[in-house]
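Residue numbering begins at 1 within each chain, and the chains themselves are lettered A, B and C in the order written.
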Amino acid sequence: MDLIGATAAWLSNSAHWQGSNGIPARLLEHLALSGVSLLLAALVALPLGLWIGHSGRFSWLVVTAANAWRALPSFAVIGLLVPFTTVVDPNLGFTLYPTLVAMIVLAGPPILVNAYQGIADVDDDLVEAARAMGMKERQILLGVEIPIALPVLATGIRSAAVQVIATATLGAEFGFGGLGRFIVLGDANQDNGELFGGVVLVAALALTTLALFLVLERRLVSAGLARRAAG
Amino acid sequence: MNGEPLVRWDWLFAHLGPIADRVGQHLYLAAIAVSVGFAISFALAALSIRRRKLYPFVTVLATAAYTIPSFAMFAALVAITGLSVFTAEIPLILYTIVLFVPNIVAGFDSVPWDVLDAADGMGYTSGQRWWRVELPLAVPLVVAGLRLASVSTIGLVTVSAILGDSFGGLGYYILDGYHRHFTTEILVGGLLSIGLAVIADLGFVLLQRLLTPWAARRAVGG
Amino acid sequence: MSSLGPPAGYTGAARSLGAASRTGAAALEFRGVTKRYGRGEQAHGAVNDLSFEIPSGAICVLVGPSGCGKTTSLKMVNRLIEPTAGEILLDGVNVLTEDVTALRRRIGYVIQQVGLFPHLTVGRNVAVVPALVGWSKERQWVRADELLSLVGLDPASYRSRYPYQLSGGERQRVGVARALAADPPLMLMDEPFAAVDPIVRERLQDEFLRLQRDLAKTILFVTHDIDEAIKMGDFVAVMEEGGRLAQFGPPDEILAHPASDFVARFVGADRGLKRLSLVTIADLELAPLAASARAGLPTFSPSTKLRDALSVLLAADSRGGVALDEEGQPRGLVTVDAIASALAEDRHAATAASAATTGVSGAAGDAKVAAAGGDS
């Protein structure tokens, strides 16, 4: 197919690998902003979810968050943020901020919900046994509940990461940078090589991130939980 | 945004007709994707249950497909299959399959084996057993999948706005409003599409409650 | 599968371990302990004015029907549940005055579901409390291995396994090992052997009693099974609905002289037979036995319980059986009457007691008491 040739040509063109609009620059942009958003979202959602799971209070908050997140189209979220972020800064508020805020906002709930669910699913007997052995509340959370909840926790962070990368890609339609830019430009310039180059790059990034997280999960989760993960 | 009031009501009322059309288009696109996707998914799920060895393969493909951002998927398909409703539907259907298949399989897997055993013991034929025991009990998870896929599809339809002006349902207003710096339009597109998604979500929750009075609501969000 | 008993060379190790591990078992006392839920009109007592004393080194079993407050009472000792009134004294010190965390680290706790941490290996599970109190890693490992051997699990093959790889019986053993790890002066056990099948349970009970002989810990043990209570307990506290203590005393006392209708009913109409399971052939007075009369009669080793011997004699419809000594040589004759007499030993006291507990019918002991009035 012509497409494959065009894409290969575009990708192998060294000019596309240099400069502020080059592939490495865009990749870095995409990764950096995704990483920052994930971190910020986790900083708030993770402790909150863990605490709600451990103490059992405000679980209604989590249920509402879960449902809210599932229903929100990210396209709409980015768009709706624009009128507000442009007030803050007419330039960045039109390109960078709306997508960035959307990334953080959309990454929060999966982390929160999974943190809560993971901790809540830990057997009450285990927590009582830990308490009876003389562990303090913090020790129970850190030494027992979190390690056991880790598989579920990790899945939450992983799906948030995938979400963030996808939102960043989408943001290109709203002036955001990153790898999505190539898709938008390719479409505008009727350059299939660029468009498909962008698609390939985005897909590669997303799949690599997925694989990385899966490997990380394997490493971090205790071998003793292997059986439970299947259940 | 540009010194204008937040909402231009006059524009809104002047365009009620087209807006309604867009809502219709939005639901239409979503409905096709969900129903076609469901049919295909059911077949795939049935196959996966019969041939267990196939299932991990299916899961991997599904996860990979879901991971690839929809934006990229839409853009890629336009280049390949050109611009048409068909093009718009392919990614939509694909994403519903990705969400449905695991749910359907899980639904049938969730039927306790002792219930199946009892059914066999009482003399049900395998057909009767499937229709009267397995299907009803698999319903909760299947409906949960329907809920998830429908809400997700409504969201994805907005993304298809990138394909052009005649696509995207309410997403058109979001994108157009953005390019024209026109807040009202963005609000219409954004709030309405969120509204549609929420209504669909609530509708399916109600359906879940109606169909399965015996199922306790334990899982967060289903 | 775990070994049937302690590994070879175990006895020696346990003896020296026993001496080194006796940090002084604590004496436990309940003084007017009460737990009430709800307020005012709604208040109902889960435990009411519970008072008894356990000397150090003894096993006391709390037994009673479900809902009688035995588990609640147990949990008040390590304050998983706080008492509404009364005191619980550990070596004379009220547990309520102590820091909760420090208290719990001094008390071993074993529950029915074991509660092994699935994300830790068996070795690390056993070492949880030593790690909490700050032992060095070296000391933790050595101790974990010691304890695994003690409960009959080969450390080399078990220490790196995970709980999900163990059978129910193995998990219970690890649970006991974990509770013993920091050498606590007191152990609390809540129906620890209830979740395994009867054969495994019996084995675990026997091994635990063997362990206790060496370690001499103070143990408060909860069960709903009266047979387990009688087998395991140096003292038995029978509780009734409403959280009240119905009777407290050594098992034989409870069986021979139930203090109320409830206790008599709870221990069962066959309490006479139950008492027979507390005595072995070795303690029985034997009739002389002619060599010629030996032929065809069933034989009993010195450790055979009288109850089992009686059962054999009745089933074989035999006049008697041959009691053997340690070397397997015949010692004397065992008859059904002799066994019955052993039961009726303190028949004077028993007659007085049975007068107080009229209405209890069918007890073999009672019948024997009445019949043995003239005979011997």
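Everything below uses one rule, namely that contacts are C-beta pairs under 8 Å (C-beta built on N, C-alpha and C of every residue); 3 or more make two chains touch, one makes a residue touch a chain.
Nothing here was measured: the structure is a model prediction, and the numbers come from that model.
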>> What's the contact topology between the chains, one of line, ring, star, complete, other?
In response: line
>> So, comparing each chain's Cα centre against the centre of all protein Cα atoms, which one is closest?
In response: A
> Where the centres are mean C-alpha positions, what is the separation of chain A from chain B, in Å?
Replying inline: 21
> So, what's the distance in Å between the C-alpha centres of chain C and chain B?
Replying inline: 61
> Could you state the distance in Å from the CA-based centre of chain A to that of chain C?
Replying inline: 56
> What residues on chain C touch chain A, complex-wise?
Replying inline: 78, 80, 101-107, 109, 111, 113-115, 117-121, 128-129, 132, 162-164, 188
> Contact residues on chain A for chain B in the complex?
Replying inline: 3, 59, 62-63, 66-67, 70-77, 79-80, 82-83, 86-87, 113, 116-117, 162, 165-166, 169-170, 172-174, 180, 183, 186-187, 192, 195-196, 198-199, 202-203, 206-207, 209-210
> Inside the complex, what are the residues of chain A that reach chain C?
Replying inline: 123, 125-126, 128-136, 139, 144, 147-148, 150, 222-228
> Mind pulling up the chain B residues that touch chain A in the complex?
Replying inline: 1, 6, 63-64, 66-73, 75-76, 78-80, 148, 151-152, 154-156, 158-159, 161-162, 171, 174-175, 177-178, 183, 186-187, 189-191, 193-194, 197-198, 200-201, 220-221
